[in-house]
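Sending over a structure as structure tokens; questions will come in a sec.
Which chain is which? They are A, B, C, D, E and F, in the order written, and residues in each are numbered from 1.
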Amino acid sequence: MADAPAGKLSHFDAEGQAHMVDVTDKAVTDRVAVAACHIKMARETFDIITEGRAKKGDVLGVARLAGIMGAKRTSDLIPLCHPLPITKVALDLAPDAALPGIRITATVRTTGQTGVEMEALTAASTAALTVYDMAKAVDKAMEIGGLHVVLKDGGKSGRYEAT
Amino acid sequence: MADAPAGKLSHFDAEGQAHMVDVTDKAVTDRVAVAACHIKMARETFDIITEGRAKKGDVLGVARLAGIMGAKRTSDLIPLCHPLPITKVALDLAPDAALPGIRITATVRTTGQTGVEMEALTAASTAALTVYDMAKAVDKAMEIGGLHVVLKDGGKSGRYEAT
Amino acid sequence: MADAPAGKLSHFDAEGQAHMVDVTDKAVTDRVAVAACHIKMARETFDIITEGRAKKGDVLGVARLAGIMGAKRTSDLIPLCHPLPITKVALDLAPDAALPGIRITATVRTTGQTGVEMEALTAASTAALTVYDMAKAVDKAMEIGGLHVVLKDGGKSGRYEAT
Amino acid sequence: MADAPAGKLSHFDAEGQAHMVDVTDKAVTDRVAVAACHIKMARETFDIITEGRAKKGDVLGVARLAGIMGAKRTSDLIPLCHPLPITKVALDLAPDAALPGIRITATVRTTGQTGVEMEALTAASTAALTVYDMAKAVDKAMEIGGLHVVLKDGGKSGRYEAT
Amino acid sequence: MADAPAGKLSHFDAEGQAHMVDVTDKAVTDRVAVAACHIKMARETFDIITEGRAKKGDVLGVARLAGIMGAKRTSDLIPLCHPLPITKVALDLAPDAALPGIRITATVRTTGQTGVEMEALTAASTAALTVYDMAKAVDKAMEIGGLHVVLKDGGKSGRYEAT
Amino acid sequence: MADAPAGKLSHFDAEGQAHMVDVTDKAVTDRVAVAACHIKMARETFDIITEGRAKKGDVLGVARLAGIMGAKRTSDLIPLCHPLPITKVALDLAPDAALPGIRITATVRTTGQTGVEMEALTAASTAALTVYDMAKAVDKAMEIGGLHVVLKDGGKSGRYEAT
């Protein structure tokens, strides 16, 4: 799975000190990343959230917005992330009765010098945390999992797709 | 698992509109929350990170700091969270060769009017995302999972422990 | 209308230099403030927004959330505002066909040493700006007005109500 | 006044879910926006502020700075706004004895893929809120109004001027 | 000068891992801290800044505001700082022709569980950096120095005064 | 030392009002800046910090990260700074037994329309403040000094090197 020379973590210099990698000379290209996760919950909680969309309060709508705004805070949160001019953020929150819970997918695009995997992961994660926040009064045992990069494209390292 | 009257999501008012819950009249008490998650990775990635602690760069040290700072940004990220005077944040990042990966635990305390579950979850999540960021050059397939509240205490609703 | 000794702007010291007023010795009391404003728009825009609540996109739901989050950013935005532990934020966005437009009311509470007028005004203003943002593709001529404090209570200076 | 196909709010997708519009393929062009508003106050308050510029404290200088800094926070405040590399912000705060009050104009420029109306509106609004904050000790009845886009240029949709 | 047991850095736990110190059980008391620094500059630069106060632009007024706002961002900037409800911030910027340059003093107060030295230092530092920013077009060789805590009081560890 | 026409502070307009300078028409070029400072401390403090790197807690590692993250907050802190897409940040923290203390150097790069002196100065300053924060339990008398721009290059005004 490892796709770079073993032992080479680019966020550290030759002496092992953390730095923000120099991307000055990288090309400005269109980049996209998709990340996904899920939040698993009790059946009753699932019913409340999914029925609530229409009647009692739009948990998924609030979580979607939180995810979009979270993507914009990525370089504030992740120490060595470059600030990036994000050009698109979209989140899909799909109830899955079999889980039971919500499946979250975040898509982020930029025209810049580094990829947007961290922005997509942060968006998905923030949306899931927001679902937890809004439903924790009825269910503290919810669990967030499966947070991973589904797709990454643009830039020198080429296309990556989760298998 | 659901521990409140079914259908009662406190973040919505009677008309189903989102609001920040009124905690003006809640007691100021000591509160604590512990959250945990893990990040699973390729064996080679695990070896690089764990060896790197001594020689090539301290991934876990950077992630720990990111988690601490992330806890302080919780009310910026989660739309309906109350701002809280956090009085303690600690993160433990333990390599687990069997995973292989890192197990992350975040403990947050406050003296305030609401609980700090969201702060603990955000701290653990931000630390895990930072591990991803720092190792993604060698392994894009890492997965973050098992993010849940381990313990919550203080405040009117009493002690909660994950089973 | 002026309710303090003429010429006394508390945000300046004796030499006329701006400072954040010392509230160390003020009592910690429950405080509330309500602010209101409106955003006036073309009839077609009004119809799109109000119909859209059900079908095409919830402009008012997004604006409500923006207002709640905006209240939490008040001390970041307003230079001499004290940071405050906000204990409640609620926004009401009511379509008014006669305007035509949206009437916005924000209510903020705290248990602290200064009032929350600025938080309520910032919440209402941010919600109105968000309505503008979401509808500007169809109507650039919308106008935000009538932003004022409706009510303020708690603290030494007593109750204020707009007449 | 509506200048787009009725019913088309670009901040929602086909299912009516909010998203940050994809501007990846839009041209990078010079863009400018001008927004204006006013804050109306009691005659005594007006006198204090305008005399104070020289002697007792520079309300308008503080408000100007707040407006400039507010423009830089726009994408933090407005949920679906794109982050933009702002290249200029200027605010004019002109006392108007006939109002009586202050007339505020904000001009923002960028070289980017979306317009800067929201940045100009946020700058003007933040400056007005700051005037309120600084004078509220003497006058709680001040009112902010007339916040609108005066001019917008650059980008595909062409020039817009308020009539 | 060292006033604690040698080798005891409270920001690390027994294993040497950074954490935000637990202050849950510390008393809420009034606390004050004063920090100072200076910025040294060319004679011509000094003349421009000091004359400019009246006529060409208020460098010191802008720097003062930046310092006040900087104090409020301390816990965002300094990783292990606790967020604190600041109750007062004041900055004094005094031209010193003998330097030549500006002498900056920042005073911060809180009613809380930890001291405000970092807030006072951050305020003074931010004000000095802002003077640099505003005058760098005419003088890149300015130097900021002498940044130290002048006074600290309140809390268990008692009063500290620089000698 | 002054390298511009006397009396010309570009951050003020013809009327002496602060503004964010218009850089819309400036070329997008690679730019670099290096800033340095030091923090002087008691011998015992120096020994604790330098020994601690291996055993009791990595003060310099935490400070380095704080400096990197501080660089990204520059336009939030310095009122008239333009937001910039930073492409590299690196900090070097070198113990100097002769001081005794730590010498800090920050290097920042961007591809943009304005220089990154302020980002480099803010990074160095934030790192030094973080060292103070982490060691203040044992030494309140530490002093930060010598903060200056070492090097600046790229852009129309050419190369600057401190003499």
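In this text, contacts are C-beta pairs under 8 Å (C-beta built on N, C-alpha and C of every residue); 3 or more make two chains touch, one makes a residue touch a chain.
As the structure is a computational prediction, the values presented were derived from the model and not from experiment.
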Length of the shortest touching-chain route, subunit A through to subunit E: 2
Rotating subunit E onto its identical copy subunit F by a Cα superposition takes an angle, to the nearest 5 degrees, of 180
Would you kindly state whether over half or under half of the residue numbers at the subunit D/subunit E interface are used by both copies, giving same or different? same
How many Å are there between the centre of subunit B and the centre of subunit F, using C-alpha atoms for each centre? 31
Whole-Å gap between the CA centroids of subunit C and subunit F: 37
Could you list which residues of subunit E touch at least two other chains? 17-18, 58, 61-62, 65, 69, 73, 76, 79-80, 83, 85
Quick check of your reading of the touch definition: is the inter-chain graph here a line, ring, star, complete or other? other
Chain pairs in mutual contact under the definition given at the outset: A-B, A-C, A-D, A-F, B-C, B-E, B-F, C-D, C-E, D-E, D-F, E-F
Which of the residues in subunit B end up touching subunit C in this complex? 13, 17-24, 75-76, 79-80, 82-85, 112-113
Touch list for subunit E against partner subunit D, complex: 58, 61-62, 65, 69
Once bound in the complex, which stretches of subunit F touch subunit E? 1-12, 16-18, 37, 42, 44-45, 47-49, 52, 55-59, 62, 65-66, 69-70, 73, 76-81, 117-118, 121-122, 125-126, 128-130, 132-149, 152, 160, 162-163
Going by the contact rule at the top, pick out the subunit F residues touching subunit A in the complex. 30, 61, 64-65, 68-69, 71-73, 83, 85-92, 109-111
